[in-house]
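What follows is chain A paired twice: with chain B in the first complex and chain C in the second.
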Partner chain A sequence: MTAVAEAKIKRRVLPSPVTGQEIVLVGVIVVLWAALAVSTPAFLTAGSIQPLLVATAPVALVGVAMTIVIITGGIDVSVGGAIMVCSVLTAKALVGTDGVSLGVAVLLSIAAGGLLGLVNGVLIAYGRVHAIIITFGTANLFMFLGLRIFGSGTVNGIPATLAFFGRGPDGRTLGIPHAFLITLVITAVAWWYLRHTAGGRHFFAIGGDAQAARLAGVRVQRRVLLAYVLTGVLVGLASCFVIAQGTSTLDQSVGSGKELAVIAAVVIGGTSIMGGRGSVLGTLLGALLVQSVASGVTQLGWRSQLSDLFVGIFIIVAVGADLLRARARRSR
Partner chain B sequence: MRPRFTAAVVMATTAAIALTGCTKKNDTDTAASGDAGKKTYKVAFVPKLQGVPYFEAMNAGGKEAAAALGNVEWLYQGPTQADAAAQADIVRSYIQQKVDALIVAPNDPDSMAPLLQQAKDAGIHVATADTDAPSSVREVFVNQATAEGIGQGLTDSLLTAMGGKGKYAIVSCGQTAENLNSWIEVQKAYTKEKYPEAEIVDIVYAGEDQAKATQMATDLMNAHPDLTGLVGECTSSAPGVAQAVKDAGKIGKVFTVGLGTPQAMKPYLQDKSSTAAILWDVENLGYLTAWAGAQIAQNKPFAATNNVSSELSAVAYTEANKMLLLGPALAITDKNVDQFNY
Partner chain C sequence: MAATPLLELRGIDKSFGPVQVLHDVGMSVYPGEVTALVGDNGAGKSTLVKCISGIYTIDAGTVLFDGRTVTVNSPRDAADLGIEVVYQDLALCDNLDIVQNMFLGREQKRGIVLDEPTMEQMAAETLASLSVRTVKSLRQLVASLSGGQRQTVAIAKAVLWNSKVVILDEPTAALGVAQTAQVLELVRRLADNGLGVALISHNMNEVFAVSDRIAALYLGRMAAEVKTSDVTHAQVVELITGGRSGNLGLPPEGPTDFADFMPGGQL
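And now, the complex of A and B:
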C-alpha cells in the first residue's frame, strides 16, 4: 500500500482533529476576552489572566477524565464528594510540625482518589447498574466519609506546601501557572491517546454500542474500570489544586457542587451526554469559558448570579447543537 | 441535575440525623437518670451549617449553659451545607420530637417563618439566634451584636487602615442572608456619613465557597486597580479576601477586614494581609442562646437587664423588637487572636 493510500484511509477512519464545537468555543472565548479587554481596565493583564487559568485548572483536569467517562456512556456524579475526601485527607496530612512534603501530599491525594475511583469502577463495570445510580450512591458515601474525617471542625493552619499549584508567585514559572500547565499537558496526552491509540478508540466504541464493542473484541469491563480509576486519580491531583487555591483553612463546603461544574464544562465542550462522541480539548475550552464568564461578570461589576444564567444558557445551547448535529448525521 | 443533587444532600442529612440522633439520645438517658423527678427542658438549636468552627463554638457554649443550668437538655443539629431545604427538614424533625424550645439560625428567614408558625402551633416555644427571621412568630431573637455595631466596627477598622479614604469592595456570601445584608446596609450608610472620601465600588456574592471568594476578590482588585480595601463579610470570605491580597503581592497596598473566626484568621492577621477580624464571643452567644431557650421553655419573661452568667452579667433585652443583645462587637487582631481556641 502506498503512503498516499494509507493517509487516505487514516483520514477516513480518524475524526477530524478539531470538532466544530471547539472552533465555536475558541471563537466565543476570543470574542469574550476581546470584549472584556475593551470594557474593563485590567482583564487582559497577567494579574488577571494568571488567576483565571489557576481557577480553571481543577475543573478542567477532572473534566478530562469525566469526558472519557461520558464518552463510554457513563457519568460520575461523585467527583464532588471525592474531592472532599481527598482534600481533607491531604490537608490534615499537611498540617502540623511533621506535615508531609509536596510530593508525598500529591501522591497521597492521588492514591486516595484512585481508590475511590476503583470503588466506582468495580461497581459500575461488574455490577451492571447504570453509572448515575452507582455514583449517586457513592457521592453520598464519599460525603459521609469526608465529613467524618473533618470531625466537627475545619482544618486550620494549612502550610503553604502546595503553593506550587496556587495563585501566588510560587505557583508560576515564566508567568505560566503550574496548575494550568499540568492540566494542559494532561489534556494533550489524553487527546492524543483518545485519537491515536486503539485503547483510546475503544472508549468511543463502548459509548457507541457496548455490545458491538464486546463482540469486536474490546474488553469492555476493563476499559470502563480504567475510566473511573482515571477519574479518581485526576480528582486526587485536582484536590491538591483546590487546597492550593483556598485559604489556610479548609472547611467542609470543599468540593460541594463541583460535579455540576465539571459536567457543565464537558457538555459545553461538545461531548455528547449519550456517549460515543466527545473531546477533551472541548472540555478544557468549556471550563475556560465558564471561568472567564464568572471573572468577567465580577470585573464588569455585574450581579454575581448572572454568571449562573450564562452558564445555563451555554449548556442548553451546547446540548441543542449536539442534538442538531446528531440529527444531521442520521439524515445523511 | 440540581434536584437530584439536592436530594442527595437531603438523603445524606437525614442519614446523619438518624445516626447522631441515636447517640445523642443515649447520652442524655444516662445524664438524666442522675436527677430523676426534676423536669428537663429540651432546648434544640439548628445552626445554618454544622461542622464549621463558628457554630461548633456556639454549640460548646450551649452545652456549657445546659450543664450550668442543670434542667436543660441541649440538642444541636444542622445541615451539612448552608441550604434552606436541608435545614427545614431538621426543623421539622425537631417539631416531631416535640422539643420544648426550638431555636434556629435560619439560612432563609422567609421560608423559615411558616415552619416556626408550625412549631408554635405544635406547642413549641420558638426563637432565633445569630440570624433573625423578623416576620416570624419567634418569641425572642438572640442577637450577637447590633447591625450597627458590626457594620461600624468593620468600616472603622478598614478605613483606619486605608487612611480614612479610598475605594473598597465587599465579598459577601449568601445573597439572602438577612444578617449579612443588614450589616452591608449599615456599612453603606456609615461609610457615606463618616468617610465621605471613601466609596464602596462593588458588592459580590461568593456563597460559602472559599476558592470562589478568593477568585472574586482577585477579580475585584483587577477591575479596580485603585482599590485599597476589601471586606470579607462571612467566615469563608474573610480569609478568602486576605488570601487574594497575599497571592497578588498587595499586602500593605490593599487592606482587608472581615467577619472571621480567630483560628482561621490567625495566619492572615500575623502576615498583615488582614487588619482585623470583627466578631463577638461566639461561645458566650451559644451560652446565651441556651439560656434564652430555657427561659422561654419555662414561660419566664426577660428583664430589661439579665444576669445570665458571670461573663454575661448584664444582657440587655428590648421589648419593642423582642431582642436579647450579647454586647458590643469585638475586634480580633494579631495582638489578641491567641485568646480564642476556635
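And now, the complex of A and C:
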C-alpha cells in the first residue's frame, strides 16, 4: 500500500464528533445567557437555571427519539397526543390511597408510550404510507383516547410520588435536576449508538435511500419500527417528567403543542428534515435554546408571544442554514 | 476455459400472475469470463437477474453454483454464496461516505462497536486491487462523486466480499464516454481476476469490446448462448430483435406468443 493510503488510514477516521451547527448553538446559548445575566441579575442563579433545565428535559428527551425518526426520513406528529395519554393514565394511577409507587408509575407510563409507538411503527413500517399522514391520524386518535381517560374534567390530588423528577429539592442531586441528568445520559447513549454501531448507521442509510439500504441487506422495516417504538418509550418517560413538573392537578391541555416544540428543537439542532442527517446533541442544545428564550422573555417581563416569534426565527434560520449546507455539499 | 460454469441456470420459469416472463431459460457464467446478457426491453433480463439474486423466487428450474444445486431465496442467500449484483440505479446512499456505503448491511465490528480502521483498510485495499485511483478520499460522501466514481464504488462494494460471481445491470447506462471506458475496463479486470461476470447491456460496441460470451434473451426465452468471437454485430442484433439468426436461435416454426392472436398463424 502506498504511503498516502496509509496516511489516510491513520488520520481521524470519522468526521468531527461535533457539527458546526452545534458549535453555533453553544455560542448562541452562551451569548443569550450572558445577555440575560446582564439584564436580569436573577437569571444566572440556581433558582432560575434549575427550573429552566427541568422544563427543557421532556422536550429534549422526546427530541432524542424524534431526531432518530427524522433521520430515517420520517416524522412523528403524534407525540403531543401520546404525552396526553401517558400522563393522564399515569396520573390516574398515582391518585388515591392505593396509588402506585414511583417505579410502577414509570413502568406503566413507558409501557403505555411503547404501545402507542408500536401502533405508529407498525402502520408506518408495514403500511407504506408516509409517516406524517399516519401520525397525523394517530395524533387525533391518541387525543380522543386521552380525553376519554380524563373523563369529564381534570385529574386532581396527584401525590408527590414523582417528586424525584420535579422542580423541588427532591428532584436534584448536587444541584442538578434528575430529569435533566437522565435526559443528558440518554442523549449521550443515543449519540454514541448513532455514531459507533451498525444499527445507528442503518438509521442514516434508511434516511438517505431506503431502497438502497434494503438492497444492501439492512432490515429497513424492523429499524423503522424500532424508531417509533423508541419514541413511544421516551414519550412515556417524558410524561412522568411532565406530571412531576406540574401541580397536583392535571388538566386536558397536557401535551398540547408538544409535538411542535419537539420538532422545533430537532430542526434548530441541525437535523435535516429531509432525513439522512442529524444529531441528538444538536437537539438537546436546540431544546435548551428554545427554553432559554422562553425563560428569558418571561424574566424580562416581555409578552410571551415574543418567545414564539424568536423560536420561529430560529427555525427559519436553521432550515436555511441546512439548505445552504446541502447546496454547498452538492456543488463540491 | 474452465469446463464447469461458476453459475449455471437450467430451465428457469418465472410468471407474474398470468404473465409468464421467463420460459425454460438456461444460462452459464464461467470464471474468468464476461458473459453479456443481451435482449430487447421486456425480454426478461432484469427479471432473470432478480431471480439469480433472490429478490424473486423461481417457479421452476435449477440453479447450480460451482456445480452444486443451490436455492436462493433472498439477496442474503445470494451474497452468502458469493453472488453480488450491482443494480442499474446504483444502490448507494448519498448521505454516507464511500466506506460506509461499501460496508452497509455488513459492517465490521469489534464487539458491538463499528471497527472503522479495519473497514477503511479493507476498502482501500479493494479499491487498490481494482486499480481505482480516481477517488480523493475514502471518507468522501457518495453525493459528491461523479457517475463513474459512483459506479466504481458500487462495483468495489460487490467485490469486497471475495465474491465469485458479479452481475452488473447496465452499469454504463448513465455514464459519459470517458467514464464508460473506465467502467468497462474495470469490468474486464474483474474477469481477469478470475471472477465470473455477467454484464447486462444494450450497447453492442460495449458487448463486443468486453465480453467472452453472449447470451441473448428473446421474449423470455434464451435465444442463443454463443462465444463472442463466433458471431457478428448483425447476428446478435437479429437474435435480440427476432430471436434467431441463420441457424442460430429459436426454431422458426415454434409456437410464438403472437400465433394465437394472428390470423394466418405464423409471423
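Please note the rule applied: the second predicted complex is superposed on the first by the 318 of 332 C-alpha atoms of A that agree within 3 Å, B and C clash if a C-alpha of one lies under 4 Å from a C-alpha of the other, contacts with A are read in each partner's own complex, and residues count from 1 in each chain.
One rule holds in what follows: contacts are C-beta pairs under 8 Å (C-beta built on N, C-alpha and C of every residue); 3 or more make two chains touch, one makes a residue touch a chain.
Keep in mind that what you see is a predicted model, and the values were worked out from it rather than measured.
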Item to check | chain C versus chain B, contacts on chain A by residue | outcome: B
Item to check | chain B versus chain C as contact partner of A:F43, first or second or both or neither | outcome: first
Checklist entry - Where does A:G103 make contact in the superposed view: on chain B (first), on chain C (second), on both, or on neither? => result neither
Checklist entry - So, does A:G276 touch the first partner chain B, the second partner chain C, both, or neither? => result second
Checklist entry - So, A:L147: does it touch chain B (first), chain C (second), both, or neither? => result first
Checklist entry - So, does A:T197 touch the first partner chain B, the second partner chain C, both, or neither? => result second
Checklist entry - Is A:D209 touching the first partner chain B, the second partner chain C, both, or neither of them? => result second
Checklist entry - Okay, in this complex, where on chain B does chain A touch? => result 1-2, 4-5, 8, 11-12, 15-16, 49-53, 56, 80-82, 175, 201-202, 204-211, 214-216, 218-225, 236, 239-240, 242-244, 246-249, 263-264, 266-268, 342
Item to check | In the complex with chain A, residue positions of chain C that touch it | outcome: 75-76, 79, 87, 89-96, 100-101, 104-107, 109, 112-114, 116-117, 120-121, 124-125, 128, 137-139, 141, 143-144
Checklist entry - What part of chain A is in contact with chain B in the complex they form? => result 40-43, 45, 47-48, 51, 55, 77, 136, 139-140, 143-144, 147, 150-154, 156-157, 166-169, 242, 245-254, 256-257, 259-260, 263, 294-295, 298-301, 304-305
Checklist entry - Touching chain C in the complex: which residues of chain A? => result 1-2, 5, 8-9, 13-15, 196-198, 201-202, 204-205, 207-209, 211-213, 215-218, 276-277, 329-330, 332
